Amino acid sequence: MSILIDSSSRVLVQGMTGREGKFHSGQMIEYGTAVVGGVTPGKGGEWVHGKPIFDTVKGCVEATGANVSMILVPGPFAADAIYEAIDAGIPLIICLTEGIPIRDMMNVYEYLKNSSSRLIGPNCPGVLTPGQAKVGFMPNYVGKPGNVGVVSKSGTLTYETVAAMSAAGYGQSTCVGIGGDPIIGTTFVEVLEMFEEDAQTEKVVLMGEIGGRAEIDAAEFIKARMTKPVVAFIAGRSAPEGTRMGHAGAIVEGGQGTAQEKIDALRAAGARIAENPETIPDLLG
Amino acid sequence: MNLHEYQTKRRFAQYGIPVASGQTATTPEEARIIAGEIGVPVVVKAQVLVGGRGKAGGVKLAKSPEEAYAIAGKILGMDIKGHTVGIVLIDPASSINSEIYLGITNDRTTGKPVMMASSEGGVEIEEVARVNPSAIIREWISPSLGLREYQARNIASGINLPREHWAAFTKIARNLYRCYVESDAVLAEINPLVITGENELFALDGKMVIDDNALYRQPELAAQRDTSAEPLVETQARDAGLTYVKLNGQIGCMVNGAGLAMTTMDMIKLYGGGDIFPANFLDIGGGAQADRVAAALRIILSDPDVKAVLFNIFGGITRGDEVARGILQALKEVPTDKPMVIRLAGTNSEEGRAIIDDANIPNITAASTLTDGAKKAIAAARGEA
Amino acid sequence: MNLHEYQTKRRFAQYGIPVASGQTATTPEEARIIAGEIGVPVVVKAQVLVGGRGKAGGVKLAKSPEEAYAIAGKILGMDIKGHTVGIVLIDPASSINSEIYLGITNDRTTGKPVMMASSEGGVEIEEVARVNPSAIIREWISPSLGLREYQARNIASGINLPREHWAAFTKIARNLYRCYVESDAVLAEINPLVITGENELFALDGKMVIDDNALYRQPELAAQRDTSAEPLVETQARDAGLTYVKLNGQIGCMVNGAGLAMTTMDMIKLYGGGDIFPANFLDIGGGAQADRVAAALRIILSDPDVKAVLFNIFGGITRGDEVARGILQALKEVPTDKPMVIRLAGTNSEEGRAIIDDANIPNITAASTLTDGAKKAIAAARGEA
Amino acid sequence: MSILIDSSSRVLVQGMTGREGKFHSGQMIEYGTAVVGGVTPGKGGEWVHGKPIFDTVKGCVEATGANVSMILVPGPFAADAIYEAIDAGIPLIICLTEGIPIRDMMNVYEYLKNSSSRLIGPNCPGVLTPGQAKVGFMPNYVGKPGNVGVVSKSGTLTYETVAAMSAAGYGQSTCVGIGGDPIIGTTFVEVLEMFEEDAQTEKVVLMGEIGGRAEIDAAEFIKARMTKPVVAFIAGRSAPEGTRMGHAGAIVEGGQGTAQEKIDALRAAGARIAENPETIPDLLG
């Protein structure tokens, strides 16, 4: 078992004909992911890495039976790409695109919550179930099959940690990058819930950062519901306050979202706190 | 991107929100003429993209055109928290009966815009939130429906606004919401929204922050960016597509990804022994290509406090070979003998390391891990390398 | 409310949908001048709010201005299914490569607008639906999102439109949706949407039906209502806020509520023995007040075939006393000696019955139930009362 | 038991200060319905029939604990009244207003389906649980407590039938007027489902009419799921075809929506068909 994706996932790529789309879908195929096709309006009928390109997601789903869509189109087009995937009935949408306007994401969020699709991201590195499937940017070599679930707001920090874990012999069930944007489709809490339910996952690593209150929510969930041990790292202890959103965001969230506040909450919830992501393996022992 | 008060109020006026009929001046003489035209008393207000100008003496009442001239002369050129005042706004002074706070921002938790109001206007809303949180009334807005009239009534009722003002308030609230949406704002606030002695409502001060990711479709707002007061490197960083924040340490950092960039800073602080700190936050973003890396290096090296540079690149969408080429390109344009520690991992990192090795640059040291890189950079900054 | 073809196409043009550059004429001479101006050949098309004008000879090709004059002379004044032609549209004739159907309406089941398209344009879509239902491609639209580009692509792909036309088609589809929404239409269709020999797309014919309940906020469209061709009583009924449909029976019916009005008709047919039928459907609506009742009675009595009138009022929001007063008021203005059967039940029905009884009118009979009322009215219509 | 409303329902009236609002809330109170307050913007602080008027639904709910809202405001304002009730968390909204633009109702419908509120109507006579509560227009005397559930598209036809049933000794569990507009909040099928679940209801009377395909859906539900006997009446057998929506509606709905088609479907589903609503009691025996 694993969460979100596995060797039976059939992945389509929205934006497969672009430079990044071509490169990363190639990496995914190399990893063994079942990439079944791509979608680029106006390029239907072309082929990339031996996979057919379609003009519409609907057409691609009908022809290939895709059940995961990876979105890698520029920011201005990303919202529509997500709507198209939702309307085509794709159950899992993983949007890697960064720079999507917040207004677009608020509109998407409302539509998404009333659909049966799950969105991971945007502005995230994707999902990796080591040895089975990779959807996103995570470098092919970092993961290793195992029983630690990894969830992170950050992209490169995830690679860093996962590589350190693999090197130390701690394999992963699934690694999920939820993205660091203000509005994201799937939160820490939802992923923790999936790991708690997942038979393969025995321990969980959570990587957060300053800003927002998602880590505080995660701490509350860990305290109330998690039976599996959690190791956490929070980035930004050295960041001066107010460099991110500050102001109105902080008001709404009823706190400042500092690293220390988050670390305290997670520690109080029973999580082990790492000071350095490369020492996370030591805390998994 | 922040708008100045005067820019915000002009935008508000376009959306039918009543504002003071003030004008901007860049010289004392202009201030004198404007004060004569709109009638005294006037308020002379420094236009800076930073809070706390009132306490800094950037807002003053003038009872005559001559006084406006004198005050403008003092405020123009003033330094407020590192920002130089280049523009003052001359607003007519008003009789104020009461002050309200009214603002909209996006709420991460619900994924919706939230309108906030408080009968305690004129002070910082964060302060109200801290001292008297129940004084803030919130109304979450469905993006598909927009702000409805009953929501404005819920707010008016919640802040105990006298019912005679509900119609005017509702109109202002709905116009503010429209302005927020159509401007792609992440914050639009009127603080204070005043009720005058003549029982009229208008926006005395306003603030808007525009979503940088949406500026491509807001050309009118994008053109209003005022870079004259901000440090040159911030302008350069933005133009190059980088996120750069200057700090007060000795190790210049170039990292891909905000989380890893912060973590790299954290490691420098962690292992820096209390005397070595990061000199900056710098995220070169995803998929950074050679020219962006070069621009980043140029910015880092422009900081005279930087004693060593740490590159920490874990490729994913960013590719190690491109970063390596970027470093070499930048070093050609900005030769430096400062020690540099380069750690490349992830996608195409072997190719990248080979490119760096082949260039055979004496002041470059390779590092294998994040911790290794941080420790080597700290040693280099101490002159121990 | 139905719009004429020429009104629909003008509306379409306002929304950026390409249409033929035709003009309307009300005299043969105008038709001749227009044909000369826009260039022959032209198509002369009767403007009537009823289908089947083509088969009725209301659409003809003219190869010269003189022929346009002659054809317009024949079509103007023509009767098409009870509608008199008062206007003809003179459109330039086009070379047609293929014809598409494209329409939007509201779908009861999903509660959403649905866009429908078929590559078999130019024929009635109901016919396509019957003969070849899979030829109709449907795309349901979220009211909050509107028609997205990918939905237009789904349609274009579904009807096998050559890809070179997708951009033009998408623009037309989105403009049609916008036109539908902003016009409060319940139907907006282009049939056919043609692809010309020059590979251009345009709306050759169009039809719009506007939601009567929304006309209050569509003054521009409401003003385009053409009552010149419809029977006078329909205009009168609408002006009085009544729903009236003339039928071919002998018993005039006045009922409150559409369901009960149909049921009352059903009972007349059920007990009418095959020779007595309802003369009309008439729903006086909810909460009908005295003056509306009077207008309804006037309309019923204006039908010379009516031999008896049946009032069936079951008060709910409508009140029996008000209906009773309305009947008396109407009888003062439109005296009649035709037999009337009145059945009042529900809210304030006792008061209503008392008012009728007190007026002591000889040709009024009271009925206790729906069945009783229907049977008494049938007897009255047969002269058996 | 009963469905939707009972003696514990706490009803607020949006539009209580209007002419119709005053009259019908008075009738409801006379019937014994717990009308707890009204809402009319700008009239907060006034009183009608001894009940307080509020400026906002939120304010009324907070003060009175109302859990049902009856809406009786003019068509142009009805959509906003429904949104306000949904946002105030009212679980049951009964909208009597006629003449709401279809576009408004399509917008409402989308929002409603993503909320936890149920809407009955619009353009409906309301709901009556005899002897317990009445919300709407149904004349006070027509109902009688009993075990027959009544559901109808039509208003006055419902009164007619319910009065005939009561006179013949067949009392009702609850009478629901779902409204005859093209877009309504609650369908025949949903009400049939509630009756099927309701312990008090033993038989069901359904009154439909020409147009749409709601009665066909009801027939399918009756066939597949109903164990309780159903008596049905369809109005409009004498109506000439195409007098209602016709055209595009009929295409979408894949049929003509004629009375005969509906009668045939209901009969095939096992329902008894009445030719005259006043003979329904005979078929309940």
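Worth a mention:
A, B, C and D are the chain letters, set down in written order, and residue numbers restart from 1 in every chain.
By our rule, a contact is a pair of C-beta atoms (placed from the backbone, for glycine too) under 8 Å apart; a residue touches a chain by one contact, two chains touch by 3 or more.
Quick caveat, the model's predicted, so the values are computed rather than measured.
Any chain that touches subunit A and also touches subunit D is listed here: B, C. Greatest centre-to-centre distance from subunit B is found for C, with centres as Cα means. Here A-C and A-B were compared by C-beta pairs in contact; the pair with more is A-B. Spacing of subunit A relative to subunit C, judged by their CA centroids, is 54 angstrom.
Between subunit C and subunit D the centroid-to-centroid distance comes to 27 Å (mean Cα coordinates, whole Å). Centre to centre, using the average C-alpha position, subunit B and subunit C are separated by 58 Å. Contacts with at least two other chains are made by residues 142-145 of subunit B.
Shared interface positions of subunit A, defined as residues touching 2 or more other chains, are 107, 110, 113.
Taken together, the subunit B residues at the contact with subunit A in this complex read 103, 105-109, 111-114, 116, 125-126, 129, 133, 136, 138, 142-144, 181, 184, 186-187, 189, 209, 211, 213-214, 216-217, 245, 247, 255-260, 262-263, 265-270, 277-278, 281, 285-287, 314-318, 345-347, 369-371.
Residues of subunit D that touch subunit A in their complex: 113-114. Of all residues in subunit B, only 142, 144-145, 148-151, 153-154, 157, 163, 166 touch subunit D in the complex they form. Interface residues of subunit D facing subunit B in the complex, by the touch rule stated above, are 41-42, 44, 55-59, 80, 83-84, 87, 107, 110-111.
Taken together, the subunit A residues at the contact with subunit B in this complex read 20, 24, 27, 75-76, 96, 98-107, 109-110, 113, 125, 136-139, 142, 152-160, 163-164, 180, 182-183, 207, 209-210, 212-214, 217, 233, 235-240, 243, 245, 247-254, 275-278.
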